[in-house]
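All chains are identified by letter, namely A, B, C and D, in their written order; residue positions are counted from 1 within each chain.
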Amino acid sequence: MAIEGKDEQAREPRIRLGMVGGGAGAFIGAVHRMAARLDDQFELVAGALSSTPEKAMQSGRDLGLDPARTYGSYKEMAIREARLKNGIEAVSIVTPNHVHYEAAKEFLRRGIHVICDKPLTSNLADAKKLKKVADESDALFILTHNYTGYPMVRQAREMVQNGDLGTIRVVQVEYPQDWLTEAVEQTGAKQAVWRTDPAQSGAGGSTGDIGTHAYNLACFVTGLTLESLAADLDSFVEGRRLDDNAHVMLRFEGGAKGMLWCSQVAPGNENGLKIRVYGTKGGIEWTQADPNYLWFTPFGEPKRLITRNGAGAGAAAARVSRIPSGHPEGYLEAFATIYTEAARAINAAKKGAKIDKDVIYPTVDDGVKGVAFVEACVASSKKNGAWVKL
Amino acid sequence: MAIEGKDEQAREPRIRLGMVGGGAGAFIGAVHRMAARLDDQFELVAGALSSTPEKAMQSGRDLGLDPARTYGSYKEMAIREARLKNGIEAVSIVTPNHVHYEAAKEFLRRGIHVICDKPLTSNLADAKKLKKVADESDALFILTHNYTGYPMVRQAREMVQNGDLGTIRVVQVEYPQDWLTEAVEQTGAKQAVWRTDPAQSGAGGSTGDIGTHAYNLACFVTGLTLESLAADLDSFVEGRRLDDNAHVMLRFEGGAKGMLWCSQVAPGNENGLKIRVYGTKGGIEWTQADPNYLWFTPFGEPKRLITRNGAGAGAAAARVSRIPSGHPEGYLEAFATIYTEAARAINAAKKGAKIDKDVIYPTVDDGVKGVAFVEACVASSKKNGAWVKL
Amino acid sequence: MAIEGKDEQAREPRIRLGMVGGGAGAFIGAVHRMAARLDDQFELVAGALSSTPEKAMQSGRDLGLDPARTYGSYKEMAIREARLKNGIEAVSIVTPNHVHYEAAKEFLRRGIHVICDKPLTSNLADAKKLKKVADESDALFILTHNYTGYPMVRQAREMVQNGDLGTIRVVQVEYPQDWLTEAVEQTGAKQAVWRTDPAQSGAGGSTGDIGTHAYNLACFVTGLTLESLAADLDSFVEGRRLDDNAHVMLRFEGGAKGMLWCSQVAPGNENGLKIRVYGTKGGIEWTQADPNYLWFTPFGEPKRLITRNGAGAGAAAARVSRIPSGHPEGYLEAFATIYTEAARAINAAKKGAKIDKDVIYPTVDDGVKGVAFVEACVASSKKNGAWVKL
Amino acid sequence: MAIEGKDEQAREPRIRLGMVGGGAGAFIGAVHRMAARLDDQFELVAGALSSTPEKAMQSGRDLGLDPARTYGSYKEMAIREARLKNGIEAVSIVTPNHVHYEAAKEFLRRGIHVICDKPLTSNLADAKKLKKVADESDALFILTHNYTGYPMVRQAREMVQNGDLGTIRVVQVEYPQDWLTEAVEQTGAKQAVWRTDPAQSGAGGSTGDIGTHAYNLACFVTGLTLESLAADLDSFVEGRRLDDNAHVMLRFEGGAKGMLWCSQVAPGNENGLKIRVYGTKGGIEWTQADPNYLWFTPFGEPKRLITRNGAGAGAAAARVSRIPSGHPEGYLEAFATIYTEAARAINAAKKGAKIDKDVIYPTVDDGVKGVAFVEACVASSKKNGAWVKL
């Protein structure tokens, strides 16, 4: 309840950051930049912001970048920045999926830390190759499954770990949207075009774009490992080449069961990521659109509304919360938390220190799992919903 | 918005009603009695309230029944009442599932209308036999899928019929509860004991008790016919003999898809029946716990909150609504609507008149479908979630 | 959480009930009849349903009353029924306010119990006279401040009594509606016409019609006595003769403070009665439109959602609750509880027994306070919002 | 519904910013810094972060400031920075209230733009002097009534201006909190100590700290001017020297009426700023804790949920919104909007250009009104709630 201040940590020097993709008209690039800025741990100093050189230069100017560090390609950026005395220490990759692997490789091989948007890659083969590259690199690889940055998601995870829910039995996760209800990709809407293009997105449509978030969230919160799934995928919009709705039944190791629904054709749902977890001792519920709340019901007691930084919230949430309860934090703050966790890891790496065990960020392994999830969904659906092992 | 009165219809003489089951300690029997009373269309005059004669007599006394019309068995009641000059015209059957068929048969064969709790029977063979008896009888058969009596459920159905949602693509229906989270049937809790006993309930646990409601609601609102399903059923509580959690994927005729989740082991869910329907033009959402609201989003417009008897609600809802908007109606009112619809049908039958086309109540056919749904769930789950045709 | 049945009490013979007012087109008459029926404690057997004899007869026929007991005036009904062997034992008065006193008097003087709609009368002089008559009568007087019948209102009251909130400091109560936003009384809308007519309603418009409910609820829940108030009343709609919006500051004995807002010109509010109470140890919040929930925050702990018949609800709520949690009860059930409490009191009176201390219903004293509240609001507003003692 | 990107505007060079107050342990200083950073329009380069020199230096180090520009007093900072070639162009003043006037004066007189926390000053005399200084300065003065930066608050204001609500009749605004329910100022809690100290806060406690926000919001949204008020203030916590609960009735020019409630002793309210506005044609409702939603009811139509950047939201909201609907923005984003509006104004001022008419920020005049509001509340309460003109 208190309105006490939270001291910023004594700040390390800002990490020099480059960006691949994210030029004019991009959605997620601007998000990454705001996220990188919020906690003042990064300074954007270079960019290969578009595959169109003209647009790359203009976007660099708009962002106030030094023209000498505004590049026409990520490869050029990787090569030159690696040679600069004060070249970038980290790079954000915010392109469509099919570029992730090739781009990440260039930086990882040069010891530049990579912060990469999800899904990891557009196919599992690339994902595995990227994992190999990341594992062999001294540089860190951070995947921006940004929803894991929400304080109340951390709270949920902590409560599961603490045993507040008992043994997990049922996981219901869903991620409905409505923005692809009509065939907007056929009218040139940029965000829709690449997300519905197998060449850029991979085999999954809604499964790749948002299903991976839902799957990642379910595993993050519960700590469970998915054993197998049975999926029924649809492309409801005529002419659409990738799934825009997916119904998936889940079986976790140890016996918990779940359902996952993702959809981009569900009118009235803007960005409806939601997770519910039920165990022998209690249940929790969290909704992304109202992220400062976590419902918790200890079985046999009244439902409780735990709020970010409010009474009942624990250390894991407090650690990544900036302002008092009742003052809502949102999507950008959660995204910024991924960046700030990355900064903590990078700063430790710079000193050769061990990363603090409290620092949490999605890894290349999470990324491989996400792509495997997408391919398993597609495979199961092609086999009429047969169970497919992960 | 107005607070205008709604005239009761000029009342027909009350229909003379008997009851099978519903003695002391029963939950649903009392509900049926309140539902029958609310709109003053019935008068309870006879009962076979328990299979234990002593308890049957005591329960009859408690309810103020004439001892001469308090029977020790439903068969006795059927025989005697059929002979009385002013014997019962209708009977409510509110026993555990396995009794429904035999009891209903006795009354239907004697021309006494039957109002029967769901699921129709404890197995599909009985269900089909009961359908045959009902089809051959002059008496009516009404199944109390009570949730179809909610005004906003009627509103939802009307909106689908009016095309407000366009072509239906996705149906998400769920019915979580938490009261069987622990093995209460092993401690003798009456409601739990019979619901988890295959001999009394049939092959389905949660699927029969609440899954049938969810399935019925999905079909009622959308007008769709289920083509096939794939189910994954669990009995999470050790020693439980029937499913207490079910994950089901749905394929409807015409291409719509859906998911159905029912559970009795989801802490924090008291009686969480909820349906969401999405089409090419809009989406709706309704939650039983807050039944006076219907969310409607025409695609591309703001979400609207349609309220019972409020602006935006149509004729189908107004027809079954008693009081002005903002004055909440609840579960008993919705249940009473089933009774009042039954009364309208019975009164028409008494006059040999055609039942008004606006009168809606669940039929024996809905009941057969419900039992078929349960058996399909069980069959699919046994075949590792293979698709089973309905 | 359980779905156990609640045994009805062994029923006493139904109380023979008459009704004054409530003919065709009335809103509240039908509500009283449903409320009287729900728990099966009353049987409507006589009526003076309209001051227009023709309409009175027709309304009686519609309700299935014996024509011999359908009267043209309440006085006639009182005289004749008092002489009948099985004449009415109680009467419901559901007319506009200005009739309450004269009508109630006729029945009370003849020993017939009175169940009367609120506000008690159209002016304080009548209220005091009615109190005198009621005090001198052997018959009971029950005022239908129906919102006190909601289980979660009982729960709130019990929690205050138990000290769960500590010492009460602040009471915020409001009752906004929107149905008089436009001058519907000028177009003949029956419910609006009499409610905006000083001759029928008294000096208060919104203050009398709904402000009295809010005031009564605040006192009922907190147990506090209002010491003085300062009010600012408006008639926003041109030509309206009574207030349609009232802002009132409250001072309670002992130092608690409060605000009361009632309005009939607040678009978007259907029937928005809401109360919030804050003490040294906790706070509660209850909203009539969602009546099965009570929010409770023990200071320094997470907010809890207490549900009707759910975990955390106590004996006072359970006593007046009919069905399991998650199965919503509504306005009619709360109204029915007032009738059932009245029946308990009447049945005790018939036996010469003491009324059980758990039986709670609003009395003539509550009614006098309500009318005094209205007149104090009007007086304060005329004196530019000066504090007026109650 | 779309997930299209929003291009950042081509960025001007960052504005060089200093800060007065906001050292270790402060709440609002860190908020100002994050707000200044989010949209990348400012660079913090100097600070007088504490009145304790040692703490000032340490805080500067923690923030990565150049020690040469970390000052022991705001006066020293003003003098030196004004002489530097690249000295600060703007300063944020985030101290307790009583320092605002003296500090602001030093910067305004030197042509340095001032961004100042609210309330403007601790008393009206200072407020008027500050207004004079600001009016005479070429530098801009921006007051951080941050809640006016929320997109849906802008939306509400635009809808009122567009006439969507018709003529405003009723304004209900409230700002309850609970963090001062107990006497935490007596245990040394820093945020509580100065807020309950008349010497630092001024004559108002909750009225100054949060009541001014509520009052400002009401005027901002409705465009109305407060004519007079009647207030009843309390200090419920023993020993507290300033009000912790205030009940205020409002009369606006033109005839609209309102109520304002602010409290810091209402358990269960974290930061419950809420506004409801009702007019002849419709009503709106906005709650700070769920800031991405605006409820709008056109009279006689269903309630609509307008979402930030969703369907139904207009240009005023879109202009200050960063990310797609369904991706919640929060408190920091709204605060950042005040900074970004300030940057737009400052950048225009630097070029001698006119400030774009769409740029909106609270001014020194708003600040004077806020302090006058506090003093009027205190004066009215001392006169037993008499109406006091503003």
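In this text, contacts are C-beta pairs under 8 Å (C-beta built on N, C-alpha and C of every residue); 3 or more make two chains touch, one makes a residue touch a chain.
Worth saying up front: this structure is predicted, and the values here are computed from it rather than measured.
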Chain pair with more C-beta contacts, C-D versus B-D: C-D
Matching chain pair for A-B (criterion: over half of the contact pairs shared, by residue number), options B-C, C-D or A-D: C-D
Distance from chain D to chain A - Cα centre to Cα centre, in angstrom: 33
Centroid spacing, where centroids are CA-atom means, of chain B and chain D in whole angstrom: 54
Length of the line joining the C-alpha centres of chain C and chain D, rounded to whole Å: 43
Residues of chain A whose C-beta touches two or more other chains: 1, 178, 181, 269, 296, 299, 303, 307, 310
Sites on chain B touched by chain D in the complex: 1, 296, 299-307, 310-312
Touching residues on chain A, where the partner in the complex is chain B: 169-170, 172, 174, 178, 181-182, 230, 232, 234, 236, 245, 247, 249, 251, 257-259, 261, 263, 265-269, 276, 278-285, 295-299, 303, 384-385, 387
Chain D contact footprint on chain A (complex, rising order): 1-11, 13-14, 24-31, 33-34, 37-40, 61-64, 177-179, 181, 184, 189-191, 269-272, 288-292, 307, 310, 322-333
